[in-house]
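Two complexes, one shared chain (subunit A), two partners (subunit B, subunit C).
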Partner chain A sequence: MRIPTLIASLVLLALALAFPHLVNAYWLSVSILAIFYAIITASWTLLVGYAGQFSFGHMAFVSLGAYTSGLLVTSFGVPIPLGMLAGIIVCAVVGSGVGYVGLRMRGPYLALFTVAFSEVLRIIFVSETEITGGSGGLEVPPLFHIRSDIPYYYLGLILLAASLGAMVALVSSRWGLFFRAIRENEQAAAAAGVRVIRFRVLAFAIASSFAGLAGGFYAHYVGILTPDIGSVDQMGLVVAMAVIGGAESLVASVIGALVLEVAIEALRSYGEWRLVIFGAALLLVIRFARNGLLPLAWDRLARANPRLRRVFAG
Partner chain B sequence: MPDSEAPLLIARDLVAGYVPGVNILNGMSVDVVPGQVRCVLGPNGTGKSTLLKAMFGFLPTQSGTMQLRGAPVLGTPPHSMGALGITYLPQRPSVFPFLSVEVNLRLGTWAFRHDRARVRERTERALTQFPILRERLRQTAGTMSGGQQRQLEIARALMGDPTVLLMDEPTASIEPRVAGQIYEIIQGLARAGKAVLLVDQNIKGALGIADHVYVMRTGTLFEEGPRAQFTDEVETLVSRWLYTR
Partner chain C sequence: MADYLLVQALNGLVIGVIYAVIAAGLTVIFSILRIVNFAHGEVYMMGGYFAYFAIKLLGIPPMGAVLVAMALSLALSVVVERAFLTPLYSPTTERKGDYGILVTFGISIFLRNIALIIFGPYPLRPPSFITGALIAGGFVMTWDRVFDAAAGVLMLIALLWFMHRTSWGEALNAVSQSRESAAICGINDQRFYMLAFGLGGALAGGAGALVGPIYSLSPSMGLIPDTQAFAIVILGGMGSVAGSILAGLLIGVSESMFVALFPDPSRSLTYAQAFSLLVLMVVLLVRPTGFFGRTHTALE
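And now, the complex of A and B:
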């Protein structure tokens, strides 16, 4: 690692570690939710930006992970970490199933199929009131029995760093190359020796398991689960975070999620108009910066200052 | 090139289609022979591309046989064909457009990626055979011209040192001068001992390099023979496609 990159990384790490002690409880809570969205957005980017599998059902896996952990803990007394692990496994298995059933679908057809899956799951959570509590919600025990949110912030930060590290390692590996090859040309990928079916299903399973992890963390942080967490509105928010940040870069999409979640809260006084603002921002990004704002900004900065190019490269 | 070499790949009576009950191939047979370019010609929609897809495993066949050196290979999944020494160049552009030329080439070496010396040797051989790729090694493949992309596709297909090449309209949408270069490359591959099965709409171009010609109609073999049988007969050939029932 180059020295400027190392210095920048250490400063960022110090800021991230000191953050809970620099802000009030409200902004700490916002930052924990921003971390939650960052894990989801990164895993959606892995599925869509790298593997090319356009899914609008990613929040369904967040809700599946959340409800799996919540129900196992509340109904069967399973320890919370084991409940969260079970949520990850269930999401991986169901994600494989969705990926397998959707094998013959591409682009908008796959997107519509995943929307349908997402709505079916949401309606099940709404309807099965005796098990899930329906729209009234399911009370879930917290991870930490203390009044401060600080432990959640650090745990979220660890989960985000571990998830992002694992995803970056994955996309840098042979599997990541296979994902990109399938995204760009399935037939040519198969002709080059890539097991297309296996890797399409794997992409769904891996991305869904990260969504399940985020869901489990969310469940035991907020303490009450409602089916709305898997709604299409929430999915739209994740798509906006990834597209505005940069849906072809894990780091850019994470930054997009962190910034957008904070911005949504900062603009809360504008009521519903803030959604109009974000909608307009999304349209402008799609029109003028198809790879997202961060890659565009990096590119501009690097062009203006070649030394920065070395920093980004390092 | 003599027309009596022993075939390496023999496909017999292939029947296949995309929709149940509607067959596109209705018992098509071809031989692919080392050192030869064998060319499949025919009108649009007659099943030429479907033949290659069925042979390479992209399309399941309902009946028929295919043997490579006497061993049955029909039904082998596409990702395993490379290990058998069979490669396929699809009709549509098949470079990975957002990956660099280097990574595109690397994707052709996955079957033996741990053998670094072999990967280096194959890469060097490809870059020597296609010098334009050396100049563009770090460039994103999708930003190259159509002809350069076709060269990259052929180079990638050759990385695994295949013995059989199934090529679907390699000069489609390419300017005539560059198409000529592509035909020269294909002919050179056959001279180097590769067995090439070429599907083409460009009758003159294909006849220029073919050793043996198959003419298809409605999914079956209409006629076949050595190139000499078809040369200078392009207009007759086309009129026969159009008017023979």
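And now, the complex of A and C:
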């Protein structure tokens, strides 16, 4: 069983590495955006699916990371990697702030609070035109000065692999257990000795940092930032990606993000119908397969072939 | 300046009545179904379009179209409730609060995007209820706003009468206090979930029909009133209809005062949108139970 798994992983890795040379520039840029959404979706899954902290403000942290880096680089001439790092730190700090003030709320109250936070931040980015350029956008220098997107693809792939690796390690550690204990029942978790306050704030800080990382990467890839990336509709897209893939599994939500972003582009000829299709898909999945499509498929496969069970469990 | 502030305050009062209608609908839904309906603003939007097409396609007079819009919004809400919300009442559903948030959020995205296709992105303006304006001294207010305020107050009175003076209202109140006890008394709770969600939707749709002639209709028009309604519901206390009405008026007036007094007029309108959100955040932090909220319990 181990050798086929190894072969399958190697084939996947080889495909991922060879990918930029197999597709045209358009699909390469789509795949870079898919990677961007995958990092966001995974970190949202960490916060919502594992720690149970319902946040609709995740895209606000993406835009915060993006604007922090963008503004530091354009206004103060900070080197881009340092700007992105600053974006991550700002997101971690603001994220713990939001997590801390959100401590007295849970469920829908927290969801409302984070929606409000996200909209206020977006309105500030729209209104303070002298600093952020408003809806017209902020021009940000690119990370690489070449005309090809290939370096962005590999960088994105490394960032995604590192983020996903870190998150998987986190959720399979003791901390991951604490997160799930808090999700299931806060009082019971506290009674069992979990430091609920510390870990709720920590969940927000960690998830927001990954959002900030994705934001910084996006800013210096796309080259122009608009407040729209922090909008409720963008948040809806990420929610759809996570839920359709499976919001209680990091790997499932990442696959959901990659597939959905590619599907959105592939269905471009359907124009505005795409979002309706995804809205309907989201609704049907929430209603009839709450844990997402991938865990459902895995279950079916594992039942049909018990030898596969060990692979999926890992 | 004083005249200007007075006009602004009266305009704010009119908007406050509309906010109160939207928020009262959200409160009815919350107190019976125990969910925060993230799709409420989209039902408000649909109500506006229902009225518009009732006038344009069926030739119904504008005032009658408000009633048509309310009836259609009620029907839409009942369909949504039967199709997507029944897992909320099933004992086998885990973490119902999370389910309610996700599913209503999904409905809001779906409705907003399908409205974009069917109705188009361009703003539509339905005809006035009553053309012209009320002029008294130096004071001017369009008759549409006067009519909106009167119709809104009428809707709120009707709601209060229904909730407190009819047997169905009593039954709704019983279900909101305890589903089990209500069931023991022979109340079929399923029917009252439908009624509550439909009633909330009818109020939102009616409000959407009322604002049509003042602000135009657009598929994204529900986003801001939705968060404003949340601010109002939480300020008034979740589950309290009277609290929502009071808080709606308060937010309407203070918001237009905020616009009038904001130092930089070029930004005042965008920051006015942030105003109720800031109120929402502050209230959630300082007093999550609002003015008249029942005890702050975790949702089932």
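Note that the second predicted complex is superposed on the first by the 310 of 314 C-alpha atoms of A that agree within 3 Å, B and C clash if a C-alpha of one lies under 4 Å from a C-alpha of the other, contacts with A are read in each partner's own complex, and residues count from 1 in each chain.
Note that a contact is a pair of C-beta atoms (placed from the backbone, for glycine too) under 8 Å apart; a residue touches a chain by one contact, two chains touch by 3 or more.
Not measured: the values here are computed from a predicted model.
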item	value
Side-by-side fit of subunit B and subunit C on subunit A, or clash	fit
Subunit B versus subunit C as contact partner of A:G107, first or second or both or neither	second
First, second, both or neither for A:N185, with subunit B first and subunit C second	first
Subunit B versus subunit C as contact partner of A:V243, first or second or both or neither	second
Partner chain(s) touched by A:E272 [first = subunit B, second = subunit C, both, neither]	second
Touching partner for A:E139 - first (subunit B), second (subunit C), both, neither	neither
First (subunit B), second (subunit C), both or neither touched by A:R195	first
Chain touching more of subunit A, residue-wise (subunit B, subunit C)	C
Arrangement angle, subunit B at one end, subunit C at the other, subunit A at the vertex (C-alpha, nearest 10°)	70
Shortest span in Å between Cα atoms of subunit B and of subunit C, once chain A is used as the common reference	9
Shared contact residues on subunit A - subunit B and subunit C	none
Subunit A-touching residues of subunit C, taken from the complex the two chains share	35-36, 38, 83-84, 87, 95, 97-103, 105-110, 112-114, 116-117, 223, 227, 230-231, 234, 267, 270-271, 273-274, 277-278, 280-281, 284-285, 288, 298-299
In the complex, subunit B residues that touch subunit A	56, 58, 77-83, 87-90, 92-99, 103, 106-108, 110-111, 113, 153, 156-157, 160
Subunit B-facing residues of subunit A, complex	174, 177, 180-181, 184-185, 187-196
Residues of subunit A defined as touching subunit C within the complex	52, 54, 56, 101, 104-109, 111-113, 115-117, 119-120, 123-124, 126-127, 232-233, 236, 239-240, 243, 272-273, 275-276, 279-280, 282-283, 286-287, 290
